[in-house]
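Two complexes are shown next, each including chain A; its partner changes from chain B in the first to chain C in the second.
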Partner chain A sequence: MAATIPKHRALPDKENKLFRELLMQYEMKQYKKGIKAADTILKKFPNHGETLALKALTLHASLPEPLTVSAVPKKEESEAMARLAVKKDITSHITWHVLGILAKSRKDWDEASRAFAMARKQDSDNIPLIRDSISLFTHTRQYSAAVAARHHYLLLRPQIRASWLGLMIAHQLNGDLEEALEVYNGYLSTLQKDGATGPEKSQVLLHVIKICIEAGKDQEGLDKLRQGVRDGVISPRADDLTLPAQMLTNLGRQEEALQTYQELLEQNPDNLEYYRGYLKSKGIDMTGEITADSREKILETLSSFAETFPRSSAPKRLALDVAEGDKFAELARAYIVKGLERGVPSLFVDVKGVYSDSAKLNAVGEIVEEIVSKLEKEKSLNDDGSISPPTVLLWAYYYLALHLSHPLHPNPSHTRSLKLLDLALAHTPTLPELYMAKAMVLKRAGDALGAAYEMEKARLLDGQDRFLNGKAAKYWLRAGEITKAEELLAMFTKKDLTPVQDLTDLQCLWFLQEEGDAYKRNGNLAMALKRYQALAKVFQEYEDDQYDFHTYCMRRMTFSAYISLMRYEDQLRSHPGYFKGALSGIEIYLNVHDDPSITEEKLSAEDEAERKKAAKKAQKAEQKAKKAAAATGDKNDPVVPDEDPTGMKLLKTETPLDDALRLWKPLERLAGQRIETWLAGYEIYSRKKLYLAALRCLNNAHALSPHNADLHVQLLNFKRLTSDALSISGNGNEAQIKQVIDAQLPALLPSESLQQYNDSFLARGDVTPTSPEEIFAVARGKLEIEPKDIEGAVSVLSKLGDEGVPPSIEIMGKALKYIQRHVAGQDADGAVESLRSKFAGRSRLASVFKSAEEKQAYRERLEKVAAEENGVGEA
Partner chain B sequence: MDIRQATIDDLLGMQNANLLNLPENYTFKYYLYHALTWPELSYVAVDPQGRVVGYILAKMEEEPSDEPSGHVTSISVLRPYRRLGLANKLMKQSQEAMVAHYNAAFITLHVRKSNRAAISLYRDTLGFEVHAMEKSYYADGEDAYGMRYVFKKPTPA
Partner chain C sequence: MTATYSTAGTVSAPIDLSSLKGEFTSLDLSSSASSKKEVKPKVKVTLTSLTVNNAGTLRRINSVVIPIVYSDKFYKEVRDPLLDDVNKLIYYADIPVGAICCRFENLAKSSKEPATLVILTLAILAPYRSLNLGTSLLLSTLRASLHPTTPPPPVPSDKQTNTRSSLVAVPPRVKVNRALAHVQVGNEDAKRFYERLGFKQVGVEENYYSKAEPKGAMIMVLEDIASALGEQPNGNGNGKGEGSS
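Let's look at the complex of A and B:
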């Protein structure tokens, strides 16, 4: 149907010919010629929308990647031109299409999806437009719109396989499984021979079976699967075989299900899920509460599997989770002895999984002590008197050292751990694992610097090992030695980039988090924030990465994997990597809000020197980039430099709370099961004086864990902030807000005397012994109720250093900082000092409680020892 | 350690393990490309805390000259988790999947010429043989050995 061309769009023959050439030149990537042609048309018809659009598109396509300084204005010009083009010709599919393409290249998916929808209104049967629209609707989770577009596409292209299967997937994503299966049946009856390869057919059929399972049609799924195996489409292996196992269990066909799991275990006896599935089809659910009766049955089954699969540790390890009492001790001893004899370094991380049960922790401790003393006395673990190799004792020392310093240990002994490791080192001084263990013990004892020196020794024993290199770098970061850490990391990163740049490009989450933390501890909040924001940006990349796969997976027919991708992306930011970084960033924004003066630079001489060094480095890098650009012909046109190399622009934000909220929003949506989400939300909303939102956070936190220590303080804080309607200043509905608060707060915070409530938090019956978190919370509670009661707070805090309270260096450190902040300007130095010396006595190795002189002396000693050791090494 | 087929949820854990352990690294999208093209071929080893401590990232040759063949893009076990035979188990699972799903005739991999530990693992434990030498295969200019392992054909009945 040839619609009449509207007047403002029509061009005379000559220009019309140029316009068609312009299209061609764009396709052929002849951008210079294209722009010239566009300019010729625009000279005569400056308001011709479609020409403007194509010029914008061509200009945009000609930009260098990565963007250089001189290209920045061209980019802006192209974007402005694309917008102007739409204004000049609002009924053209070309102008909207170009606007959409440019938005897509900015990864502004929402705007792109709107623009493509507008373009389709003008030209509804345009295939490329529909394809892009489908991807954009799917990407932005507009599933019903995606179904409609897919449907339209199928009507236009019914002979293509992907049209049918794409519609099936669109229905599934839209939650309509019946419709999805319906489309699949339609596909079968329409396209008999579709030329798919074997693996492709198998992918399609397996996915359809998964849809059947999701729709509760296990029998139909099972029939399809059996047919598929008979036809040779499906190979009965691994995850493909878990499908029938799952369906048979659902259908209650126990015998067949057991047999299928048996087959699976023979394929892979190290898969825990297969054991769980086997037991489940026997009617025993391992994930719930286990009765004495079923415990015995589980252990029997596992022990027979352990005999069938002697090379797999899985059944033996699973048994440790299930067994109790003497049975546990018996199984654990055998497991541990075997691990020690094989010299498995990971034995401790493997077994410590059972430590959440304190009885098991104690039992394991006794077992290993017994092993150590038997080996020391008799040099043998066997009753027949045969000598055990000396490495068994070495690994037993190693295990015991890690055990005694574990945070869950009720009475940790870091000094004994270190002695044990020295005994092991006397035997084998060249085993990096022993130094790594020493480093870990010192870290747990609060001596970050000592720990870094030990990790460095491990690294020096095997300089080619990236794992040791990264560990050492991480430990230097923990000790605040950022430059040193980066120097080490550079040994394994690209030579033409800084290690920070390379590791950021490679999306190295641990590094961004740890270096951010290091900057934060060193007081450089700007750089810390820069790293945390880089972390958030990596997660944006992870989200954007899925875009290409909306079409790719339809082509490759990997539908199951694609559906998992979609579901994964929907909860991407509940990943601990994002979670931790976001909370760290939020904390800085809160600090900036509370005290904007911290954004003023107060650099120590050391930082100043480092800053100057960094500036010099940046200058050098710029010169290098210029040189490189010159070599490729682009003289003096370097890549657009980092606009905020020091992070100061980020830190000097005018809207810290809004910035914090931007990091928090994904947590609200995707990490609602973590109490930290709501605790952080409260801190933001209470500062924004949005008291109902703050109350909602308190409610959610309370529902997750009513006796959480931080929540306790927040409730008292909220009470203080909202004690009278006057303090709820805002938009005129203070009285109503106050009413809601008065109605809801009593469920969270008893209305008895607050003092009494706060004091009773420690004496509650449900927790023994008192945890450091709770002591710290009560002290803060005191100052929430009566800000002048420093004495009372200090006396509570001093309990943190009592015998019988687990010595948490982290909490003691926080407590000291907290009280220092509160006594600022008051005559209470004595009280703070007594607290510090008490904490120092309780954790003798921890550096945070040492004076600056003590720390300096320690540092010098470590440096000297290291230098001597290296000197000896070189001689 | 739990050994199972890798899912999309495991890819970030694999990326993390790779960055900790090896000098050859990839962005997330490359892991996606593997998982969304050959979802059956990559495996992970996971510790009781749910952390990926070992992985094999594998693919099929996109344009095979004659018979279909598999390729190991990357395999690695975190240093503290060695001596458990994990690499061996991961490799075995991936190989069986290549044969079962794609009818692979053989499997190839690249290894740094200087990486004697890895060469010995592939050759002595896993039965690979050096097939070719590739000059300056790695970004830093080091040569690679191309190694391959030919799958035994099931004897016809």
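Let's look at the complex of A and C:
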């Protein structure tokens, strides 16, 4: 407390005593008593800011979690009261502190950190205040402020080891590794007996060694490590052994490094990193370009390891990445045969890593074909007269089927793949993987419904398997059967919640994404957007959850884990889950911007009446519940219901482009290496008429992949927009903007005639087979240049169904939708219809191109077959 | 850096779990030597109990191998805990490839007929025949029939929720030393299979099958399981008997 208390804060003795009691009662969680005491003071001194603040805090703390209906106004009251308290007494640290605490509980980190900074100004040596604001500075990534606060804290509490180590970590986060090590040395020389436990000591030392490595002081790190081992602070095993291995490699002490990696491999011969490290310390970098000479050396080393560790598959698998030609074929065959004989279900997933090299893909295909035909003829892969287990043929069928339908396969054959799986099923009908594979092949062939029925068969083989359950649900979602999927998922979720609620609480990303996609396909954009936003919120929760670790990790001294958490959080939204969800959400917002009428629900008069009735009923029920709750007290107080159960509020946004931009911003920073980011960015900025930002997106996309098909269309679109829109929109500097665009655009878009440029996109020299993406792009380009040229676009699109063009179900589907949208209102239905039937002929399995009657008949047939196979209902 | 440590339990030095008993029982196929070709590499074969969750698998195997459709009641009855030691699914290389379903008859002491193990279905998927799987499966069931597990598993109630204390222990089952199977008339392979294990045909029951043709079934009976397993008649064998012809 300051020496002189300002007049407006001073209280007479009686009230002062009450005030102290109030503080105590808050600490003891006696909230009701506390509020009473506060009211007594406020009766006499209604303008006493600190009491007001404490009342707000006590009221806030007394609210139930999760928030109930009756608590909502109290929460608002407490927040208003806290703000009022600051106004009444702006020089008190208590009022600011309370404001900060409330902001923190709202997860409004920026406001909280401002409030705490203000509070510290009033009372700079208040320890709890400093601690809270250190966490907040770190959380909001104001590292230099955090260092300053840590420093202040150390000056106040120099005898505590946590204040030294905390400063060290703050320096490290701030990027000043030298200073961090300096603090550590200062700590060692100041505190002789620190009373840390064994694990804490080893954690701290290991982390300091890691800082040394990061700072490039490998020798210092190595010395510290050796000393630590001698002192018995750290053990010479496992994780700790990777550090010296790394440091010795960096220092170029080859002999010792190799020795260390050898020891590591003996501990765990399945860690690919150890092999890479071993080779790297031998001077061969496996991640870069591999020369013929070093390839030889790598293979030699790996094969000797394969002999030393016969049970480990790691050296054999690594060799497949490196080997080429005949050597590859030899190694691959041995690897695949071994996998088939052991019945490794994931063999394909393991080996398909080499498929990015098309020569290897073909080689593997030949090997498996040979294995299958040999097994069919001789029942054996051995030469000594013994037979192979029958399961080998089964797994070989499975492998070949997956191989033939893989998207990287130059000429995928879904029909042959399905035939092989039928053979395998006749062989062994009890292996769920076969049904799963069949479902996947059907899915790739465009038959979502058939795929779902196959996956359902796999699920019925083992009702206890949550993986199969989830897969089946996902396939039902793909087929648009949302209720059915939720019914399945409910078998494994909490019984007192809806499956959607439970899976959202569990932050189940795939479910949110897939259900959003399913709603989108079914045309319910509102619900789709709701799911995508829930997905984006999951990442916000990840970010917020980090807050507790700023204090927790410091207390537990788990610094390495803490630093890696901080780095992970910095990269959080580069997660593919966010990437996908955000792009899907952005697409919906763009649709809303282009055509706001889709936010209107199209309901018939009957539906409307029905809905009004339901709404009235719900309102009445709610009022009744409220009355009942008021009568019986808090017991029946319901939790605050979802404000927007149908997602309509989200969809009816006034600012779709700004909402889209909010989803896009993290991608710009974290997913800049993916072209989709910039393509989406262009779509947003061009609609916002921010042409320079749009141009920047185009430039970035062009740098990543100059011949991307979508980029091609965007360039044409940009040309069209900037040739006329600038003269219309007048904010003063369009001349300069035009100048920039005119200076930069020629580098992206050749100045020949647009028509010619568009047509020449297909006939470019650098790609031999015409890809479906490019055909689609050229058709769209045609409409960008001449919006009335539907006929021309259709004739280009019909190439998608030609022999020789890989049949891409996805692109065909998109093309059909695209042309339908443009044709709307014009007399060209015939053209669309002929396009549909051509696509249907090219991909016979794809149900998307079938007519409604065909789809219905197909569904009924599947239903019947399923009913027969499963007998009467399952127990 | 001289600390020594054990790598037991890691991938390079796995622990041998074959002697442990648990959910799975492993099965040795080499018991009945024959002229059949050797299978390389060796395959793990295990037995598991029938449960609600693998009912789909059992149903699938039976529906593929046996031309009769069994009712839901059948599949519920074979999961009776008292039959747990004789009714099994057989896994070959971790894939379910066969199953045996039986029931006991004349278990009551007052019964005039001798207590009998009636083999209802014995199914092995076609590609996995001639690998001794059927023989091993049947032998393990015959052995279990002769040597009931003590104490037998308690019977859960259908009507109330089962707690540990509410489960009632059942009296131990008597040893069953007689086995019986029905083989469709004309199915000589199956008949030979049972005869190899010591079953003898004692008659033909006309109209045994209501939906399959021919309708008649040969009744195959094994009067003395113990001797078929190569054990002393008093049942003190080690339970590792050889299947004799």
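Worth pointing out:
Operating definition for what follows: the second predicted complex is superposed on the first by the 830 of 875 C-alpha atoms of A that agree within 3 Å, B and C clash if a C-alpha of one lies under 4 Å from a C-alpha of the other, contacts with A are read in each partner's own complex, and residues count from 1 in each chain.
In this text, a residue touches a chain if its C-beta (ideal position, glycine included) is under 8 Å from a C-beta of that chain, and two chains touch if they have at least 3 such contacts.
Because the structure is predicted, anything quoted here is derived from the model rather than measured.
Touch criterion not met for A:Pro158: it reaches neither chain B nor chain C. Partner contacting the larger number of chain A residues, of chain B and chain C: B. In the superposition on chain A, contact of A:Leu506 is made with chain B only, not with chain C.
By the touch criterion defined above, A:Leu461 lies against chain C but remains apart from chain B after alignment on the C-alpha atoms of chain A. When both complexes are overlaid on chain A, the residue A:Pro128 reaches neither chain B nor chain C.
When both complexes are overlaid on chain A, the residue A:Gln267 reaches chain B and chain C alike.
Touch criterion not met for A:Gly523: it reaches neither chain B nor chain C. In the superposition on chain A, A:Pro706 makes contact with neither chain B nor chain C. By the touch criterion defined above, A:Gly343 reaches both chain B and chain C. In the superposition on chain A, A:Pro410 makes contact with neither chain B nor chain C. Within chain A, the residues touching chain B in one complex and chain C in the other are 235, 237, 267-268, 270, 311, 342-343, 465. Of all residues in chain A, those touching chain C in their complex are 229, 235-237, 263, 266-270, 309, 311-312, 341-343, 382, 384-391, 393-394, 427-431, 460-465, 869-875.
On chain A, the positions that touch chain B within their shared complex are 198-199, 202-203, 235, 237-240, 267-268, 270-273, 311, 313-314, 317, 342-346, 349-350, 353, 433, 436, 465-468, 470, 492, 494-495, 503, 505-510, 541-542, 545-546, 549, 552-553, 556, 558, 560-562, 564-565, 568, 575, 577. Contact residues on chain C toward chain A in their complex (touch as defined above): 1, 3, 5, 7, 10-12, 37-41, 43, 52-57, 59-61, 63-64, 69, 72, 75-76, 92-97, 125-128, 131. Looking at the complex, you find that chain B touches chain A at residues 1-5, 7-9, 12, 15-16, 19-23, 25-29, 32, 35-37, 39-40, 45, 47-49, 53, 78-85, 89, 93, 96-97, 100-103, 139-140.
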